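Data block below; observations after.
So that you can tell them apart, the chains are marked A, B, C, D, E and F in the order they are listed, and the count of residues begins at 1 in each.
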Amino acid sequence: MSALIIGRFQPFHKGHLSVIKMVAQKSDSIIIGIGSAQLSHTFENPFTAGERHLMISRALRYEGIDNCYLVPIVDINQYSLWVAHVESMVPPFDTVYSNNPLTRRLFEEAGYEVDIAPMFDRHIYSGTEVRTRMLNNGDWQSLVPKGVAETIYEVKGDERLRQLMGDSQ
Amino acid sequence: MSALIIGRFQPFHKGHLSVIKMVAQKSDSIIIGIGSAQLSHTFENPFTAGERHLMISRALRYEGIDNCYLVPIVDINQYSLWVAHVESMVPPFDTVYSNNPLTRRLFEEAGYEVDIAPMFDRHIYSGTEVRTRMLNNGDWQSLVPKGVAETIYEVKGDERLRQLMGDSQ
Amino acid sequence: MSALIIGRFQPFHKGHLSVIKMVAQKSDSIIIGIGSAQLSHTFENPFTAGERHLMISRALRYEGIDNCYLVPIVDINQYSLWVAHVESMVPPFDTVYSNNPLTRRLFEEAGYEVDIAPMFDRHIYSGTEVRTRMLNNGDWQSLVPKGVAETIYEVKGDERLRQLMGDSQ
Amino acid sequence: MSALIIGRFQPFHKGHLSVIKMVAQKSDSIIIGIGSAQLSHTFENPFTAGERHLMISRALRYEGIDNCYLVPIVDINQYSLWVAHVESMVPPFDTVYSNNPLTRRLFEEAGYEVDIAPMFDRHIYSGTEVRTRMLNNGDWQSLVPKGVAETIYEVKGDERLRQLMGDSQ
Amino acid sequence: MSALIIGRFQPFHKGHLSVIKMVAQKSDSIIIGIGSAQLSHTFENPFTAGERHLMISRALRYEGIDNCYLVPIVDINQYSLWVAHVESMVPPFDTVYSNNPLTRRLFEEAGYEVDIAPMFDRHIYSGTEVRTRMLNNGDWQSLVPKGVAETIYEVKGDERLRQLMGDSQ
Amino acid sequence: MSALIIGRFQPFHKGHLSVIKMVAQKSDSIIIGIGSAQLSHTFENPFTAGERHLMISRALRYEGIDNCYLVPIVDINQYSLWVAHVESMVPPFDTVYSNNPLTRRLFEEAGYEVDIAPMFDRHIYSGTEVRTRMLNNGDWQSLVPKGVAETIYEVKGDERLRQLMGDSQ
């Protein structure tokens, strides 16, 4: 039994980690698709796919989770091709975990079993909340797993976010 | 005399049909370009180009109109190439029928005769109105020609639209 | 029962027509995919998708075949997406007719029934043979159905082919 | 010392010219990147890259500035590649002048020196202001350097803008 | 110290594994870029990126190598952007191991240290050799590490290769 | 009277210069399209568009030719769009000079006057000859105008060419 979870992980936070822990108990392996892999350097998507790959890998390593495949997935501008695109880029999988209506519909039309990814405290543990706190120098660090803040500091991701949103001097 | 009509046909409704009937009387053949062919699975563009091809073909057959060429046309991200793109994908044509200012301008700059496509009751017979009613389980069926509702049911297009807009359960 | 036949049709010749006639007897409708739709103006692919659309439509009309859907299909540079791409662009179909090993394999992996398209006299009735004769001012006209030569003359396709292969002055 | 200035120049106005004059005093040569080169025929981006190339060239010629390289630069949908894209399209440069936070950040991460491009009277000398006046038949001509209005009239750019925003008749 | 190794891995063979083992001794972590990720279903590139991801992961697991990041990398048609593209998709790295002159040159121009990847018995342990034997029903299994043949059988990759090269019936 | 000349200029040589000098006498301005602008780092196309822009600009400056517009033009994979693509990227032009049959045909079909670009000593003054000599450390310098060799040395273009073709060490 192999599970697929797709997210943008901008950045990877404790809500994401809790879902992965839950799914890890039910699956032999988990494929983590890093969506919109081509995007970076905006408020909505500040981190590159490589940076996200590193922060997730470290967080999982600290947690001792080692049956995950991380795969960046670039957007394609034709939703009707999206499932085939994902299938070609990742190892075979049985079940998809997603709360996004479009993702759910596309995989269901392709015949996959789609399950709910139960998120806790969604208004706190959300990428938008983390990025907003980062912008305002608030406490974003407590929302992300061990290894994520460390990665963001290394690539100067918090500074990047603030500069991108800065006024144009 | 060959005429070109381009629309997204999301979905094909009675307003579209009335334009085609009117143009059919003045032309030897009509090329129907199915625009934004690559889009599907959103509220604005729920149906694939193939699904739209089928619903239009059926509607025209029921009406006994048989001098139409249906051609899907994908968007290109450079408007200055769009007329050349259309020209390469469809049989030769003389006149373009469109109410869209951009379409009109682009074909006029390329030297084509561009005519008005007189729509009746535009606020009722519009794709947005049909999709909104579909979403709210209203009477959308009376706005579309014979053959269209049938096609939408076959491909479960109404269910798709509602699920896509559903809450993320 | 709906059948799919995909070819480049550079140009449409009597071998193509014989396959379509044969399939027409077994199917309610035939979808004719005009492959490599984006290509034109080379020796291998001299005619645009629009020109090919016109020549096929005319040939079928002369033959009284009226249950065909013609759909241009542009190449995508990722074979693993190709079946999904075709599915999104054409009406639903059950059976695929093709002699191309790649096409056959891709549709079989996607779960379609794939059948042989029996071609007669393949070394005579082939696009390469027609184009070679056209280049050398040989008798290519006898290899194509009624309506095709007429279309090629209208768009000056034979002159185009010879000029493209001409020496560079 | 070679400087790079990137803008969309929709259209080129006196604010742009004043920046170029200022930079010209400090640099041996100036590379002017015409950004979003693929866009045209919208209110935000009415003019093609070729039209913008012509209006800038003329304006600079009237001013006697002759050490500029004009280079159209199309957008790419992956910001992380943008600096490499610019580097491959333009001659080598040392300093980048920009007020755009994203442009500044991207070139800074790539190790370039990035300087401020001091604009005067930014709410008057702006592309939006010029286009708005053009739409409303106001005095846009006084906001653009000599040679620009002339070019816009030649390509009927003002008429295009008004027609694009016209109601759909 | 993090190392980058890029290959197409069509399929992953013992030559690849020996390089990775060698590099693993000198590096804290290894990023394995699965190149030409978008290609599959041809003789040169029979396997999808997902299938290659799975075969490499298994082979490394059997070997007890656990400090590798696997990342699919699609080609882009502009070599001048390629290093930036790789950088955006993978975690940060210091050294690149490659024998390909183009890869070496591109990373060197970008300022990276590039090292030789010493391959043993290159005419035996090569993707071409493995695929040729697979086509001819020869002994390809002995050329690939444990876990690779198993994966190829699961996805019917050997059958695919033979069918793709089969004559067209 | 404005003339268009398109070439790849890999690199710009004396044959190119002689054509430009000849055309310069008949035209008010010359647009020089740098074709296949996206290509670089191969034997056929070693130099980036920016490097080619610089070498041509310098050569023309040394010759005192100052009525030229240099414009990089990326390939598009649809020949039927190519003329529209060029038109959108460059200032308006009347006459096209080219010896390439495809270029000639495409512009003729679009209604342009196309003239011959008389090259002298084509087997000596050719890009292939220059690159071959560069690879073999022969006298390539005498085949290129003043300013070109200087540019190539600055960007280490000759070293790049040799390394790219070197054996894979």
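FYI, a contact is a pair of C-beta atoms (placed from the backbone, for glycine too) under 8 Å apart; a residue touches a chain by one contact, two chains touch by 3 or more.
Bear in mind the structure is a predicted one, so any value in this text is a computation, not a measurement.
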Would you kindly count the fewest steps from subunit D to subunit E, each step being a jump to a chain that touches the current one? 1
Out of curiosity, which chains are bumping into both subunit A and subunit E? C, D
Interface with more contacting C-beta pairs, comparing A-B to D-F: D-F
If more than half of the interface residue numbers appear on both sides, call it same; otherwise different. Which is it for subunit C and subunit F? different
Roughly how big is the turn, in degrees to the nearest 5, that lines up subunit E with subunit F by CA atoms? 120
Let me have the rounded angstrom distance from the C-alpha centre of subunit B over to the C-alpha centre of subunit E, please. 46
Separation of mean Cα positions, subunit C and subunit B [Å, integer]: 26
Subunit A to subunit D, mean C-alpha position gap in Å, rounds to 37
Name the residues of subunit D that each touch 2 or more other chains. 38, 40, 48, 78, 80, 87-88
Return all touching chain pairs. A-B, A-C, A-D, A-E, B-C, B-D, B-F, C-E, C-F, D-E, D-F, E-F
Looking at the complex, which residues from subunit D come into contact with subunit E? 76, 78, 80-81, 83-85, 87-88
Which residues of subunit D touch subunit B in their complex? 38-42, 48, 160, 163-169
Any idea which subunit B residues touch subunit C in the complex? 37-38, 40, 48-51, 53-54, 57, 66, 69-72, 74, 87-92, 154-155
Contact set on subunit E toward subunit F in their complex: 77-80, 99-102, 104-106, 109, 116
